[in-house]
Structure formats: structure tokens, C-alpha cells
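Multiple structures are listed underneath, in C-alpha cells.
After this come two complexes, each holding chain A, first together with chain B and then together with chain C.
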Partner chain A sequence: MPDAATLTQQVPTVEGHGAPAPDALSLRLGEVPAAGPTAAARAAAAARLRAMGLPRPRDEYWRYTDPAPFNAASPTLLPLDTRADSALFADVDRLRLTFVDDRFDPAESDDLALSGVEILPLSRAEAQPGHWVAEAYGRLEAASQHPVPRPFAALNTATATDGAVIRVTGVVTKPVQIVYRRSDPAADVVCHHVLRLDDGAELTLLENGLVGARGNVVIEADLAPGARLHHIAAHRAGHARVAVTHLFARVAEGAALKSFTLSLDGAHVRSEAMVEMAGDDAVAHVAGAVLGNGEGFHHDDTIFVTHGALNGESRQVFKKVLKNGATGVFQGKILVKPGAQKTDGYQISQALLLDEKSQFLAKPELEIYADDVRCSHGSTTGAIDETAMFYLRSRGVPREQAIVLLVLSFLADALAEIEDEALRERVSDRLEQWLTAQAGTLG
Partner chain B sequence: MAGAETADLDVREGVDRETVETVANMGSYKYGWDTEIEMEYAPKGVSEDIVRLISQRNEEPEWMTEWRLAAFRRWQTMTEPRWAMLNYPEIDYQDQYYYARPKSMAVKPRSLDEVDPKLLATYEKLGIPLKEQAILAGVEGAGEAPAEARRVAVDAVFDSVSVGTTFKDELARAGVIFCSISEAIREHPELVRKYLGSVVPQSDNYFATLNSAVFSDGSFVYIPPGVRCPMELSTYFRINAENTGQFERTLIIADKGSHVSYLEGCTAPKRDTAQLHAAVVEIVILEDAEVKYSTVQNWFPGDENGKGGIYNFVTKRADCREPRAKVMWTQVETGSAITWKYPSCILRGDDSQGEFYSIAIANNAQQADTGTKMIHLGKNTRSRIVSKGISAGRAQNTYRGLVSMHPRAANSRNYTQCDSLLIGDKCGAHTVPYIEVKNTSSRVEHEATTSKVDDDQLFYCRARGVGEEEAVALVVNGFCREVLQALPMEFAMEAQSLVAISLEGSVG
Partner chain C sequence: MLEIRNLHVKLEDEDKPILKGVNLTVPAGEVHAIMGPNGSGKSTTSYVLSGRDGYVVTQGSATLDGQDLLEMAPEDRAAAGLFLAFQYPVEIPGVGNMTFLRTAMNAQRKSRGEPELSAGDFLKLVREKAKALQIDAEMLKRPVNVGFSGGEKKRNEILQMAMLEPRMCILDETDSGLDVDAMRLVAEGVNALRSPDRAFLVITHYQRLLDHIRPDVVHIMHDGRIVKSGGPDLALEVENNGYADILAEVAADA
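Let's look at the complex of A and B:
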């Protein structure tokens, strides 16, 4: 028998939060830094958070993901992993910035000087009076708090201890990589990165590693006309991550954002992207591949793309492979504002459920106020195609290997969103390694 | 309807004439007249006394009164849902009448011959035949088809009461019970008690709970095992009185192996003030039975500035309770200022099937938030959703739906297609699907598109001398084809012309 809530006629979409629970909130806020160039932005964010409160499980926006692990005053202790950090991108010529727990570690980072880009840790930028970060810090986050509040992003702006502050002035020749490491099994990490890309500037940003026992990461990316940002994030496998991440991007005229995230395992992850197409002819592609194996796995991608100008092109491509009680969530939205004519919006979310215990919960939305647009979305859920399986088996491919092949082909569309071939191959190899290692439990 | 007489394409200059006609008819709602008839009202507002009074007027047994009162007490603890993408002023539930019946109905007429001729004339004018000959009129050409094929039994509900039900005797010979719900409560209490509230419980949602407390009339259908209902059944709802809410309740029970096709139509006069309509439809479908439920909802939509109109908050749900039960919802939603309606299917029996076909048209200041729920509980259950939303003027049109595959619903399938069409740059079209899949062997596919009326198709029509309005109507009818095809023949024709009327004034 279904529960009463399932059978009720109501599909609630009440967006907003009630009165804040002061205790939990104050515990989460702690002490907000009161000096330095970002002090005003931090105070404003703390006030925003107090006004909106922490999310409650009944909130529509948290319909499919329990906010409790993010609301808790402190994270669950997570023993340090003795294995070496992911060597992904290790052989790529890149500039590496390492954050150990919640602090920038210069010893583990490269020289920050690179042509076409200025890079500073947030903690140092804040020590420089008059630094431009004062203007940018928390600005896109604050602008993205309507119509749906994103309390953990406001919490991040208020309390972040460090991050990368990057201004791109030209075409940067090699990728900038942000690596996260852990040294404390109880680290509750809050990192805030601010990116500013000037007219025609280009940057590839790589992000990987382990963010604390609990991580809260915000990236604010402001793209001036004609700028291009490639963002590839790969989260470490085999790690019981509890993480909430937000990508806030503003894409000006003719600029392009391409973001891809690979998520392997993890305990409880909410990954949000809010993209505003602010100028004509803007392009934004947000994609993700998620592989979850195990009862505790819960991964939520929540994407909100707003078209506010002419001729914009947006794509959301999300693929999830779920097994052994894993849960995948996708909440995606394309909002086309009045006057944003000639918008081309596309959204696809697909799940491959490898057993009876796993589940996929999706809410793919369109909200459209302009008539001369082309918007579509699709969402499918199903099992391994038995015909394809039969084909492979009849050609002598063992079942386990056949699953790896079919999963890889299922994920191919999402991986194709990574433009750089060399980087795409590394991500793909990583995926294959993981799948092969897990093959025994995927059949 | 505009364009019908201009269809002869010999008249080359017809385009201009048609445009003039269209402008003249702009926003015209052809059912907007009212019937001057002496009415009897219960005092304004809702309270336990009013609930008791409605129950007493319907000569209900004690258990029914208590059932209503329990719902009313529950309702007082609830808050009105505001999650839909609908924007309307607060409803003052105490500022309207909950019961209005024509004075002439105080003594229940024993047959249609005794019904006030004014009431009969009202239905005649609406094209609803209350004589037993009968076809759903208002459909051109229908008169030429053989009468035998088009017989429809009608239950006519006027404000709070059922005026009469046709073909009762003939249906009774087949064992079919078709009467007003108030009559069923008196005559068939065992069936009503067993099934009322079993699909939509009293506490289901704010509007359904209010309905449970104050419903005044509605239709009741019971199809016995193995019977294929010899004719289509229909209910025609007319709101006439001012400041009066209509709360009807429909209960349909299709016993094992039976089959019925049911039609529902609704209209209301033009009024400056908004009127509340909160109905509940419950359908129980047992083993191997099949119910087809079709609605053409044409309540007064308000004027072009959004003044007046019906606020339509409806709970419709079918429970495919046993194996191989089948339900098909088809709706054409063109009226109402506010539509809040999600006809749903609970696919409980193994191999049961649910289908939902919908056309929702919102023009001028109309707002519609409508869709369906497919709850897959049984194995090998199948569902299909085809929704076509059309927005014009300053209207907002939202598809909201849920497809849920429970862990036990192995090997189930859902296919959803929802398309939106925007006419003009001041309106909005939105899609809010919820998809919840909790087993691996089920397949769920959802597709949605949003586009505008294709310029090439319009140009093609225009180049052949078809007026702009008519060209748009043609393109829109093409866009809706899949749904129109799912309607019974009479309704399909009516729906097609409704589509054209609803869009009048939306072009240019």
C-alpha cells in the first residue's frame, strides 16, 4: 500500500522556508569574520541565511534529498583514507592549487604566476585592501537566492575560510587545477572560489580530490562578453563524501560556459548549478556522469538555467548509473524570461538502474515566457538493454565485462560534453577503472 | 462559431470579412447567458449548520451527515494549497452560497415531464438533449448519422441539484444504475457506503475535503459484472446562480469485466465575480473492467481582462483496484479562469492500465495548472500520458504530473509526452513533471517540447486563402490531433470547434 502522502492529489511546490531554527543556524554560522574587504558581503550573507533559515525535509526544494547531514552542527567523523590522492590529471601540464582541509597550502601548490591570469588564495586577497574580490565576493550567490533560497550557499559566503580568487585577462595556456586534500578526520570545509573572466578570456578549471569530512564548496564565475570557461570536476571514488556544492555562473554576450562533473560514489551529495544567460548569444552546457554503488549513496544534481537574453543556447546532460540501493536525483529547470526569444534550451536526464533496490527521482522543469523558442527535455529510466547484453554475451563477452561496456556507452553522451579530447580521455579512463574494479558487484 | 460560414474558399475576399467577424466576436463565450429562474438558497457561508442543511435537503441518512461533518471538521484544520503556478486573489469561503436549487425542484419531479420547462429550455439552449431521443447536439452533421449509434444518457445538474436523468429505465434493464448521487445515497446506500471516499478520502486535499462536506449533487454510476453499458453516459453541469459555488461529486463503479464510456460537460453564465467550483470524481475499476472518462470543460473563463470566471479546483482519481482494469482520462480544458486539476490513476491491480490525454487551452488572463498522476503499484502496469498545452494572450499554462514506479511494480511502463505551444509573447508555458522510479525492470520515458506556431505551416495555409485565425486553429488542431482522436466522436467534433473559439482574438 502506498502511503497517504503519495496518493494525495497534491504535488507541493512551495518554495521557501519558514522561521529559522535559531540554534542549528547559529551553530552552523559560528563566527563570521568581521574585517577585511569581504566583511560586508559576509555579513549580508549571514543576514540572508538568518532570513531564509536552514532547509527542512518538507521543503519542496529538498523533496528528494534529506538536508539533515548538511544541517547538522558538525560532520560525522570520517577516518582519513591512507591511499594516495587521486592521480587524475597528474600528467596534464597544469597549474596546481592545493587546499588541505580548509586552507590553501603553498607547499603543495605550484608557483601562482601564469600568463593571462592572476591567482590568489582568498585568504590573501582578503588581506589586500581594495582588492577587486570585495566587489565580486558573494554577488552572484546573492543574486541567485530567488525564487528558491539556497541556504548552504549563503552559509558558505558568510563563513568560507579560503578559496581561489582567479581573474583571467587573456587566453590561459594551461589548465588551473584545484586539488582538495584532508588532514583532519573531522574537517568541516567551507571553500569559496571567485572567478572573473574578462572580455574574450579563456580558462580551463580542473577540480578534484576530497573535500573534508563534510564539504561546502561555492564557485562564482562571472564571464564577460566572449569569455570561455571550461570546468571539469572529478570527485574521488570510494569516499563517503558528504558535500554540498554550488556553481553560480553569469554568462555575458557571446560567452560560453562548459561544466562537467564526474561523481563516483560518495555518501550524501547535493550539487547545484545556477547559470544566468545574461547576454545575447550566450552558451551554457552543464553535464554530469554519476555512478553510485551501495546503500548509502545519494547524489542530487540540481540545475537552474535562466535565459534572460536573445539567442541563448543551453544544454543539461545528466546520466546516472545506480546499483545496490543507490539513489540518484535530478532536478533541472530551464527558465526563459519574457523577451528571451530564439532561445534553444535542451535538457536530458537518464538513469540506468542495475538492480531492484536503486532508485531515480527526477523533476525536470520548463518555465517559459517567450514564444519564439525551442525548448525540450527528456527523462528516461530503465535497466540494461537485454538485447544488447545478449548480443555481447553471444559473442563471448563475459557478463561483467559486458556491463562495463554497456554502462560506458550509456555515459558516452555526458562525457562528450568535455570538449578537450585529452581531458575527456582521462576522465573516461578513470571511469573505466572504477567500473572494472566494481564489475564484480555490478552484475 | 467564427469561420464556419466563411469556410467556402470561393470567397477570396473572405479573409477580411472573417477578421472583422473575429474581432467582433472577440472573447465571445457562447454559453454566457443566464436563466432567470426563481432560486432557493441556503444562507451564505459554510458551517456545520449548512453541512447539516445540505444533508437534510438531500434527505440523507444519518451516516452520510456524519461523514460530511467529519470532512468539514477536518477541512477547518487545513490550509489552502498554494503550490500551483496560479495567481488569484484570496477566496472568501464565507462569501458564497453553498446550496442553490431552483424553487421548482423543491418537490422532486418524478419524471422529466414534471421538470420546470425553463430548466429544460436551458439545457436545450446549451445543446444538451433531455429528451430520450437524443444526441449531443451542437454538433453539425450529427443529425445525419444513425440515431441508434449516438444515444447518450444524460444526468443534468443545475447549480446544486440534479434536474433529471434520461434513459434510466433502459439502463436499468441492463442492470446499470445511473442516477444522481443524492438518489444513490437514498436508494443504493450499500454501494455508496462501500465506495464513497475509497478513492479520494475525505482528508485527501483541501478542496476535496471541502467537497466531501458540502457536495450537493452529482452523478452515480454502477455497471454490474460483465455488462457493457448499452450507451454512453454523460453528466452536464451548469452553474447558473450568482455567488454560488458548485460542489458536485461523481462516483463510478465498474464491476468485474464491465465497460462504460462517460462524458462530462460544463458551462456557466458570464458573471463579473469569480465563482468557485470544487468537484470530486471517484472511479473504482475492478478486474478486467474498463472506464473511459471524457471531459469538455468550458466553464466561463472570465472576460479578456480576467474579470469573473470560474475557479475550478477538481480532484479526479481512478483506482484500478484489480488485475487488468483499465482507465482512460481524456480532457479538453478550455474554460475556467483558474484550473487546478490532476486526474490520476492508481494502478494497483497487476496488468492494469491508465491513460491520460489532455488538451489545455489558456487564453487572455486564464491560468491553468493541470496534469496527471500515474501511481504504479501492481506488476506489469502500463500508463501513457499525452498532454498538449496551448497558451495565448497573457495566459499561464502549466503541466504538472507525477509518474511513480513503486518497488513492487515490476515490468511496468510509462510513456509521457507533453508539448506546449505558445501564441504570442505575453503568455507562459511550463512543465513540472515528477518522476520517481524505484525498481529496475520498469521503463519510464518522458519527453517535453515547447515551441511556437510554425510559421511555415501558417504561411502554407495563408497562401491558400485561409484566414489567419482559422490557419492558427488548423495548426493547433493538428498539434492536438493525438488527444482529439482519443475522444468519443461527438466530443471530438465539439472539442475541435472549441479549440478554435478559445483562441479567438489571440492572433495579431
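Let's look at the complex of A and C:
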């Protein structure tokens, strides 16, 4: 066994900045655009942010994750990498929107015309007086600021430079893909995507690439009755990402949201999802698979699902594989409001620690104000099952390859939340490749 | 083929000797059976041969065709041709049976410098072998041993053996938990593999399996040693009279 230190991945460490100075917030806010259809929403978000302030390390909600790298006025420079775009979705027939740093790049994007959907970059929608985005922009974010404030989402609404504005009117046959690319090694990317799905509309949204030296991404998704949104995000390996992301979703009667995120590597990531089950028979599945290798790795999934209607079904399935001093965090909550009877809420968070230096911090919560519901949650932390390991090896599978198989099997439940079989296999193959390449440092 | 000499084994975590000088030679082409009371060290012998953690060899040796088994990693022992059908087959949720079999086959082929089996050839082979053991396609798709009945797990072990074609097969109580028909299927699976350059070591408590798989030699293990060896009749004697007479006779001889 090589010395642990030599196994540790080289990830830039994140410096603690302590509590923000009084003007940190103004520095962070910079200039808020004052014209265009979203100007009012942006001003309101800036006011919200001023009222709530940036998080402090002692805030309960930030107990496990240091907000300092997100609070800092500017990001730590992160060298560009010269790799081509990830091949993950390359041969999927899809409509591609490319964002280079924080700007939509039409030259690197497909023709935006597609049946059943209207797509515009935010920067262009904002140039159209009376565009519907004026009412939608920041609305779900604002509604999700209680009981816990989410300052970086308000910051995003106030300062976002671009994003995708997508209105789905029918069943869209090909996925829409958002690709992030980097061009400035110091780019502080703030992107805000607004999705509106009309009655019975269906969309698959893919999201991947490299988000800046620091990234702040918000997705607001409003699902009308019977709408279906599949969201698959894949954060690229080998990218020491400092990122905070928020998914705000409102799921109306009979609508369904399925969101899955794959995170390979990264440095300091907070990934939040706030889902409101607003109509009867709504379905929301939010899942994530995370693989972190090295002391510089910190990944936090913070999920909040609110049931406010009858017969809702929600699932949270989060799996983390941690090695060489990596840290994983899960804060998950199911809130069942009075009257939200027949709610079926499920939450599982599990970590597979490949050594004793890594850690998993979990805070699973249920808060239930209705009496006829079925809710369960569980959280486990475990190591590789040595009996299974021996069984595999006794059949001739080398230890490194056996670890890959066992890690894949650990993550299987999270990947199973990807409904489309072809996409699921793609993600699974990608994961297997990554694991195989890393196998030497996982054992 | 398999040569165990004066093998002493204790537990890694406690100072508890389990094997106290096992001597056993299984030549190529032969089938040997090991019988013996519960806790006598039969499974321990099979685990130590296949390289399970948790045991320490304090004395003695074990070789396969002259190669020192005890020095090798478990996967290398498998590639060298050793196979253990587990007394308690392991469930691996999330790993499909087919993936498992294919990964194992190709890993062994790779380590022997042979080309990987194509997906098509693999499928053909697995279907043919599964059919002979009456393992249906649905079972092949499920995760390894998850939700399998006791008998299904044992048949799945024999399927793995049939696919991997090891030269030295150790079967640890593969017959326990099998119904009469499944026992016949398993025995047929074993007999189909019998050949002059392959050997079997069959651990069992019952004569019945040995009716189907005629052993060349039967060994009795007691308290970490082989205390008596003989022909197939020895198994009948155990079946009829239990171990008391044999053990008393051995004690008197000592």
C-alpha cells in the first residue's frame, strides 16, 4: 500500500476567510442590472440578500460546509484545462446551448428552434419588453427563502449575467443540453435558468461541463399540471470546482420532476434543491451520486422537499463514495404540511468510505403535520463489504476491479433514478470509466 | 495436483488454532471427499486454500501443481485454476449476475494472457450452461445471489464453476439445502467436468451426493486434522454409524 499522502489528489485547498466583513456583501453584489424586464426582480433579490446577509460559518444551515469560498469577493484563480467538451452526451440527439463562462455562445450552440419548446438565452429574453420571464424570474427562488435563507440564490437572481429561458409547450422529443465551458481562468460565473412547463409538457434537460473558476447556478422550474421534467446533470471529473447550485421546483397536480446529478471530483460544492409539491398526485425524485477523492474534496447536498397537497410521492436518494480524506455532507428534509394526507416521502443518504480518513456528515430530517402519511428516512455510512470482495476475488476479479464493481453497485440505486435507460447507461459507463481510471488510488 | 502438507492455521484476531497439521494430496483426475463433524475445520481448509483474510498460516504448505498457493492473491489462485463453491454463497446487491460472470471470466482470461470472450460467445456459453442447470434467464439478470433461494444459490455456484472451468474444484457443502432433483443437476454438472486433468475436493456431510459423484478417496477431518482416509465405503460407514466409532478407533490407534 503506497503512502496515503501520495495518493491524495492535488486539489487546491480552500482558504478560510472567516466571517464576512461589513462590506463583503456589497463587494459580492457588485452592480445589479437596473433595466429590462427582470430589473424589478433583480432589485427585490438584492434587497432580500441585504436583509438576510451572507452566511456565517456559525449559521446552523452552514454547519458542515464553510461558506467562505462562496462569500469571497472574487474566486481563486483556477487554471483552464484544454480538454475538449466531455463526450458524455456527445452522441445523444439533442439541442445544445453552450455557455462560455457566463455568456451564451450562439456560435457554439445549435439552432434554438425545436418543436414543443421556446428557448432563449436570458440575455436576449431580457431585451424583449413584456417577455414572460419578467414574472417568472426569481419567483420560485423568492418563495424558497423561508424558513431558511439561501443567500447565494438571491445573489444569483440579483446578478446573473445569462442563462437559458425555456418554455415547454408540448412533448419535446429531444433533450435540451446546457454545456458550460471556460475561457477566463478567473471567471466568476453566475447563471440563472428559468424553465416553465405548460400542462402535460415534457422535457429532458441535460447539464454538464465546466462552470468557471467559481460557479453559482440557479435553475427555477415551474411544472404545470401533468408536466414532466427530467433533469440530468453531470459535473466533470478533474475539475476543482467551487460551486453553489440551487434547483427550485414547483410541481403542480399530477406533474413529475426527476432530477439526478453525478459529481466526479470537485473542490468545494454546495448543491441545493428545494421542491414544492404544490398539487395533488405530484411526484418528485431528486438523486445524486458523488465520488470524491482527496482532502480538498467537500461536497454538500442540501435538499428540502415540501408536501403541500394530497397523495404526493417524493424520493431523495443520495450516495457518496469518499476516499483519501474527502468530506461528504447531506442535509435533507421532508416537510409535510397540515392536510397533505397520503404523502409518500422517502429519503436515503448513504456513504461508502473507502478509508478511515474520509468522512460523511448527515442531517436527515422529517417534519410532519399530517396524520395519514408514509414517510421514512435512513442514513448509513459503511465500508467495502469484505465478504463480497473476497467472493469476487475468489472468482478471479482483481481487487481494483472488484472495488469498481462494488462502488458501482453501491451507486446503483441513485443511478436507477435516471428514467431513460439509454441515458442511464451512458452515465453508468462514464462512471465506470472514471472508476477504472482511478482504481489504483481507490484500493 | 493439490498438495497440502502439515498445514497449521490460526485465527488472525485470536490465538485460536483451527487447523492442526492437515495433510492431503489430491492427484489430477481424482475426486476426493472430506467429511467430518461440524467445526472440524473443513470450511477453514477451503478458505485458506482460496485466500480469505482472517487466517494465519503458522506452519506447513499448500501447492497447486507445485505453485505455492499461500503466497498468491485470491484472484491469482483463481486464475491458476482453483475454484471454491462456497458453503454460503455471497449476495452482491447491485451487481448483475451476468456482469459478474463475464467480469470474472475475462479477468481470468486476461491474467492467463488469453483474449477476452466476445459478448456473443459469452451469451451463448452462459445460456447453454445455465440451461443444463435449469437456471432461467430471469435469474441470470438479477443481482448476484440476491433473492435466490438456498438451492438456487448453490446451482449458481456450479454455473460459475461450469463457466470458469477450473482445474481444481473445491465444493463446500454444495449439496446441503438442495432438493433431490437439484442434487442430481449439481452432480451432473460436476460429472460433466470430470476429466483426467481436473480434480475435485468435495466437502459434504451426506453420502447421497457421493452416490452421484463417486469419490476415489474419502477423508475424515476431526479437530483440524485428517484423521482417516479410505475408499467410498468410508462415507457409507459415516452415514450408518456417525463419527463416534471412527473417532474412537483413531484415538485408540494414536
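Operating definition for what follows: the second predicted complex is superposed on the first by the 421 of 443 C-alpha atoms of A that agree within 3 Å, B and C clash if a C-alpha of one lies under 4 Å from a C-alpha of the other, contacts with A are read in each partner's own complex, and residues count from 1 in each chain.
We take it that a contact is a pair of C-beta atoms (placed from the backbone, for glycine too) under 8 Å apart; a residue touches a chain by one contact, two chains touch by 3 or more.
Quick caveat, the model's predicted, so the values are computed rather than measured.
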item	value
Partner chain in contact with A:376 - chain B first, chain C second, else both or neither	first
Partner chain(s) touched by A:363 [first = chain B, second = chain C, both, neither]	first
Contacts of A:388 with chain B and chain C, given as first, second, both or neither	second
Touched partner set for A:341, first chain B, second chain C, both or neither	first
Touched partner set for A:410, first chain B, second chain C, both or neither	second
Touching partner for A:98 - first (chain B), second (chain C), both, neither	neither
Chain A: partner with more touched residues, chain B or chain C	B
Partner chain in contact with A:398 - chain B first, chain C second, else both or neither	second
Chain B and chain C contact sites that coincide on chain A, given as residue numbers	none
Chain A to chain B touching residues, read off their complex	2, 4, 6-14, 60, 338-339, 341, 351, 353-383
Interface residues, chain C side, partner chain A - complex	50-53, 73-75, 77-79, 83-84, 86, 89-95, 99-100, 103-105, 107-108, 111, 143, 160, 164
Chain A residues within the chain C interface of the complex	385-388, 390-399, 401, 405-406, 408-413
Chain A-touching residues of chain B, taken from the complex the two chains share	81-85, 200-201, 204-205, 208, 315, 317, 342, 344, 346, 373, 375, 377, 400-402, 404-407, 410, 420, 422-452
